[in-house]
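Structures given as structure tokens follow.
Each of the two complexes below includes subunit A, the first together with subunit B, the second together with subunit C.
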Partner chain A sequence: MIAEETTKKIYEREDLLTGCQAVAQAVRLADVDVIAAYPIRPYTEVMDALSKIIADGELDAEYIIADSEHSQFEIVKHASSVNARAFAGSSGTGWCYGFEALVVTATDRLPVLFLVGNRALDDPGAFGVEHNDAMAVRDMGWLLCWVTTPQEALEHVLIGYRIAEDKRVRMPMALAMDGAFLTHSQHMVKIPTTEAVRRFLPRFDLGDGRLHPDNPISIAPQVNEDWVMELRRQNWDAARRARGVIKQAYEEFNGVFGERYSSPFFTEFMTDDADTVLIGLGTVCAPGRTAVRRLREKGEKVGFVSLRWFRPFPTIELREALSRFKAVGVIDRDFAHGSPDDGGILLHEVRSCLYPLKNRPAVTNIITGLGGRDVSIDDCIRMFRIAQKSKTDDKLDDFVTWIGVRE
Partner chain B sequence: MASDVVVYDKIKGVHKIPLEEFYTSGHRTCQGCESATTMRGFIKAAGPRTIVTGSTGCMYVANTSYMTTPWIVPWMHTQLGAGGSSAVGMAAGLRALKRKGKIKDEPINAIAFCGDLGGGDMGIGGISGALQTDYDLLIIMYDNESAANTDIQATGLSTYGAQTTFTPPGSKHRIMQRRWKKNVAGMLAVGHPTCKYVATACATFPPMDYMNKVRKALAVGGPTFIHTYDPCPKGWDFHPRYSHEIGEMGIRSGLYPLFEIIEGQVIYTYDCRKSAKGRTPVKDFLVAQGRFAHLIPEDFEYIQKRVDEMWEEWEIPGIAPIKGILKG
Partner chain C sequence: MIKRVEINYRGIFQKNLGKKIGSDIVIIASRMGRIGFSNRRYSDSPERNGIPCKYFAFVSHDLSEEELEAECGAKLDIDLADISVVLDDTMTKGVEPWGWHGLRPINEKVQEGGTLLVATRKNHEELLQFIGKKPYEWSLATYEGDPSFGGLWVFRDDLTHERTLGAVAGVDPDIIGIEAVEAYLREKHPKELFRAEAARKAYEEVRTTSRTVKLGEGIEWTHEVPVLPKWFEFSEGAAVPAVKRHFEMGPKGQARNETFKRGTTKTQRPVVRFDICTKCTLCWLECPDECFDPTTDGLYDIAFEYCTGCGKCAQICPVKECIVMVDELQFEDNSSPWEAYTQDRENYVEWAERKKSKGRYIHPFVTGTGLEFVEGEVVPIGGKRATPKS
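Moving on to the complex of A and B:
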């Protein structure tokens, strides 16, 4: 009975929602002040949902239909500078169209939250998922994380604002989710009460950094070589501090909503006694985990690691976790043409993170699921086979394997 | 929302201009810089309850250096093409915070400035978007007819025939700037029927005109736009002592039409039609500047013909290049 009463207070209802709709509910709960919209598939459904939420009076916010992504991102950046909590989002080439604004939002240290519904970059046109769009901000001073269910998506809008707006951090946040597979797939979602959200998420306060006649400051004057390096260093420090704030935010979240997250940065599945694991971002964890179960039935010691936080990268935690395994297969739903070993972006990050270890696991790379191509359970079993082989064969002919491509 | 708007009095003479400065020392603009005068004037007219964004351009790079900012009011840099969108962001943020009781409900001006390259070329879509909203904001496009901070490159607003670093006269092509000056204020007025105020101005001529236009724009409410003509001694190649005179000559020649459009009503602040004040020869204005030194008589004739057409044949002189509907 007590447990049920507590649940009632934390959640107002349960609803069948897509990833985008779940984010829209979270934006309502976060009492966002300014939203700027511009259509592009697949993220755009969040703006459809928000426009209706606002039309029905469920959220009091300014809703601006911008003339381009560049304006869309600049609008929320400047709304944030006057201390408004702001939300926007995009996908694929739309994200790239506003890239200049994305860079300055980070260097101006304005904690706007963006939804990135991952989409393949043109040309040729494709609506399906690919992670290169969101990855483009990875070195710019952004918080960047991937979620795998609508429930997680909803919760990470709240967690995202909590971290981004913390004065030790003040970085914009990109909440990435796989186009179609998550943006448009429906799950049952528990929607928190505004009271519970208020207990977790404090009001946004830029303090003496806000632009207001009572606080006449100049933001981002020309500095040239005199000060840029010191400012870059401040961004660097903020990104480093963010790791600690992330941990604190999840503890606080668990404190209000129960033990939702055992680890902030990544989730391990059946890894306790595993010798071979796959690691990936986003919804590829679904076929990955099913493949783990099937191989476990045959007695194979395999597991799956779903990486959630990409920026800041959980260097220490991931290094420690992966050091327990003999082989790690890194799944990239992105490309980095011409990069070392011609692998994907995640490969380089993971391999670099493991480099200081004396006894490193064997690391291989799988590039798959580009442009929204389905990644099947059998595909994931093949990935495990490649990773397992790498344990004994350190001279693999094909260090990088493309799975699911017609050759 | 009229209650959001500061109420202003018309400045009735040079001696009535507010003494208090909100754009002061610290900037590094050139001697004779008329764009600096444009900056100083708008913030004098608007007063301290104002937030300003400045797009990248000479009025950013030369104007607002770290530790020596001239701005007494809160100011923020915005990107080259973000004049319109930065104003919308500020105004929307302020409106939401006031309505939701998160900050005191009081009138605060949101002003964005951008240059002719940032506003007239790159940022024209963002300005158009801003003028479609109902936010109280003012966008000032200061037009010195070039990318003045990057070495004087031609923009879509450079006068026909002007020499710039992108349009040097050569042995094969005498004229490289073959584009006619983009009619930004006219285009924005015609394209945005709900925008209540669009004007052109020159910071120093006629006296008081510019500052009162800024006040009118801020007092009328909603999104508003002012295009200023700012002679640039460095880019236009004339002695800095003559900046005001060059501006006045440009306006008297009819090349730079001065007008305001208040809720659809056109008022010429300097009427260059033959039936009104008339025009001085465009050549007098052009030969006063080094950037037109390579022009020959037929170029002057061509420019003069276009200016004459603008004032005597356009259906809305100086504003909309449509001919012959009413006469037919």
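Moving on to the complex of A and C:
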């Protein structure tokens, strides 16, 4: 009887953890084999936490300190190719310094999980959040998702490995979280039991793709024009298949841990009868939702959509969801200078996703919170005002607004 | 009207030579009021030793540059050639480019009535025992020469560059005319008039050696062009099946990956005198392509499909005359030398010595009538020796 109760127990304890520490706990629970570290703020704390977890004997893993991000990413890529579950991470320019390794990890289809603690790209030197760093891999065959709380961060390491390592996917996973606002922010986190994690996350098995003397294969060959297009076609297909695998993974996660997620790709807040919504990635959802509550008290029909998955982009689901509204304000904590609409990256993705609709909602863009500048509830109310106004505006040539900039 | 010339050359050794010839065909054609341009087969890897590669030169009398570019540019290979130049006659055994398409006959692109133009010391019959048949008549022309290293500055300029220009003019004056070639070379090298003379000599030579190859002449080409898999037919993540490390005593005893044979890159191959071999193992240890197979009697067999002809074994072998590099065109197949030796030792030794006497590979090369001997050294006609004799 006692044994049965133990297997049914989902959480072992509750603890106050930062986003980084929560990820470290999840890496322990996922029984990761190889970790490569190189310091850069704000992701570094995950490596501090992991070195302690290993030193305390709670995790049996190779922990390698690299000489740079480039080596760091190459180490985990190679570890993954011999069927080791591998973990690394970085931030800002560090992430970009290892970019060559990031590309080949995706083209070699090696499902390493990376934590990206979002940080502004230097220069000028800055520690605060901007999403451009993680966005750099958006077209390279990476899974890319943003989380908003330490609890979600912990769970998405497990969900991330589950999706990335699926034979139908085999793509590396970048788990992005806002620097400072999530990496360094402490919240109470429920830590699952290893038994519960094992029920959800199977052992990593590369199968025929495993580099081993018993399975002689040659990987990462030089191929030229005879092969490249076919390989790109494979990667394209895997990225498309990933959408279905993501849905299945969340269903299975909910099956083990209770109804944690109502929808895999994004979370809607007070949108049932809304005519105007804001959509954004990361921690901006906190002031955003609070603004929704305040405006709802005044009887305004507003809502908030927290987008979680950016790659693969949930095109069909998001199009269907946003088609219900009259106006959509897209919040970008990033920049895309000289882009078609002179707006942020997310703006272009959302507009492109809405294009096939006959009756498209009016779309406006807010660029805000760059370099770690805070986004307040009042800022979000201003964003709603801009989006609401766009419903009746005929002129939409100049629909990008910077909020929070000194002017 | 478009004239297409392809220049087949060996990676590294002839990459500058191949390019210079392609460039000069275009420059000379332009001086004649024709339109032309040159490019290379981009999938080639001319930075790798011995890999068969191609340069192209395209010439037209009537098309605009843009039209010519549209017909011939932005393509990886040409479909047909008016002239296929071969700067290394061992390529007549077939070429396997780096972008792997299987072993192709050297005259694959030679169109009906087109010409295979080979720098060689061999006669037509010797070459035709390696070259594939074609369903139409084509021409074979030769001009005397060895596989030239002339494009590498560290080796002696043997005038293969100028001689090839003359030979092309001799085959088809609609591409470049010999007077224009001579005028160009005289203008470019006013103090080295022997360059224009060498071009004229090669021009006259090919006009006598060129002959029509009749239907049915040449060999049956047995190598098939590989069918490349579709995108869903091979393993994900660019993984290629490899060969498990495996070893057996005896001929071809080592496990090798059949997908990665590089045997067609060789211009020379080792001939081994098994009867004087001391079984020191150095050739087996040093061979970079793992071609040597230990046998039960302690001798080492050679898998020639994988041998690139690098010559390391001959250099490392401590026994004089035991391993000697010999011209690749002396050999018809890749059969096991060790098996031949065990079957008839005396006959094998006689055969080995015969091959050595006929095709021993010695530097520097002597390239035909563009050169002369001066006190044992080979220099261009009218040219000066690099170091004056003390």
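Following the convention adopted for this analysis, the second predicted complex is superposed on the first by the 396 of 407 C-alpha atoms of A that agree within 3 Å, B and C clash if a C-alpha of one lies under 4 Å from a C-alpha of the other, contacts with A are read in each partner's own complex, and residues count from 1 in each chain.
By our rule, a contact is a pair of C-beta atoms (placed from the backbone, for glycine too) under 8 Å apart; a residue touches a chain by one contact, two chains touch by 3 or more.
A quick note: this is a predicted structure, and the numbers were derived from the prediction, not measured.
**Student:** Overlaying on subunit A: subunit B and subunit C, fit or clash?
**Tutor:** clash
**Student:** Considering only touches as defined above, state whether A:Pro213 meets subunit B (first), subunit C (second), both or neither.
**Tutor:** A:Pro213: touches subunit B and subunit C.
**Student:** Output check: A:Gly404 vs subunit B and subunit C. Expected answer is one of first, second, both, neither. What do you get?
**Tutor:** neither
**Student:** Return the chain, subunit B or subunit C, that is in touch with more residues of subunit A.
**Tutor:** More residues of subunit A are touched by B.
**Student:** Mind working out whether A:Val223 is in touch with subunit B, subunit C, both or neither, as first, second, both or neither?
**Tutor:** Once the two structures are laid over each other on A, A:Val223 reaches both partners.
**Student:** Applying the touch criterion given at the start, work out whether A:Asp33 contacts subunit B, subunit C, both or neither, answering first, second, both or neither.
**Tutor:** So A:Asp33 only meets subunit B here.
**Student:** Counting only touches as set out at the top, which of subunit B and subunit C does A:Ser80 meet: first, second, both, neither?
**Tutor:** The first partner, subunit B, only.
**Student:** State whether A:Thr107 touches subunit B only (first), subunit C only (second), both chains, or neither.
**Tutor:** After superposing on A, A:Thr107 lies in contact with subunit C but is clear of subunit B.
**Student:** Could you tell me if A:Gly371 is touching subunit B, subunit C, both of them or neither one (first, second, both, neither)?
**Tutor:** Touch status of A:Gly371: no partner.
**Student:** On the A-aligned overlay, A:Gln234 touches which partner chain: subunit B = first, subunit C = second, or both, or neither?
**Tutor:** After superposition on chain A, A:Gln234 lies in contact with subunit C alone.
**Student:** Which one of 26-34, 98-106, 278-286 or 314-322 is the stretch of subunit B that crashes into subunit C?
**Tutor:** That would be 26-34, the one stretch with clashes.
**Student:** Do any residues of subunit A touch both subunit B and subunit C, and if so, which are they?
**Tutor:** Residues 108, 213, 216-221, 223, 226-227, which sit in both footprints.
**Student:** Which positions of subunit C touch subunit A when the two form their complex?
**Tutor:** Touching subunit A: residues 43, 76, 98-101, 228-232, 234-245 of subunit C.
**Student:** Which bits of subunit A are touching subunit C when the two form their complex?
**Tutor:** Listed in rising order, the residues of subunit A that touch subunit C are 107-110, 170, 208-209, 213-214, 216-221, 223-227, 229-231, 233-234, 237-238.
**Student:** Given the complex with subunit B, which residues does subunit A contribute to the contact?
**Tutor:** Touching subunit B: residues 31, 33-34, 36, 60-62, 64, 66-68, 70-72, 74-84, 86, 100-101, 104, 108, 203, 211-213, 215-223, 226-227 of subunit A.
**Student:** Inside the complex, what are the residues of subunit B that reach subunit A?
**Tutor:** Listed in rising order, the residues of subunit B that touch subunit A are 48-51, 53, 60-61, 64-67, 69, 71-79, 81-82, 84-90, 92-97, 99-100, 102-103, 108, 125-126, 128-129, 133.
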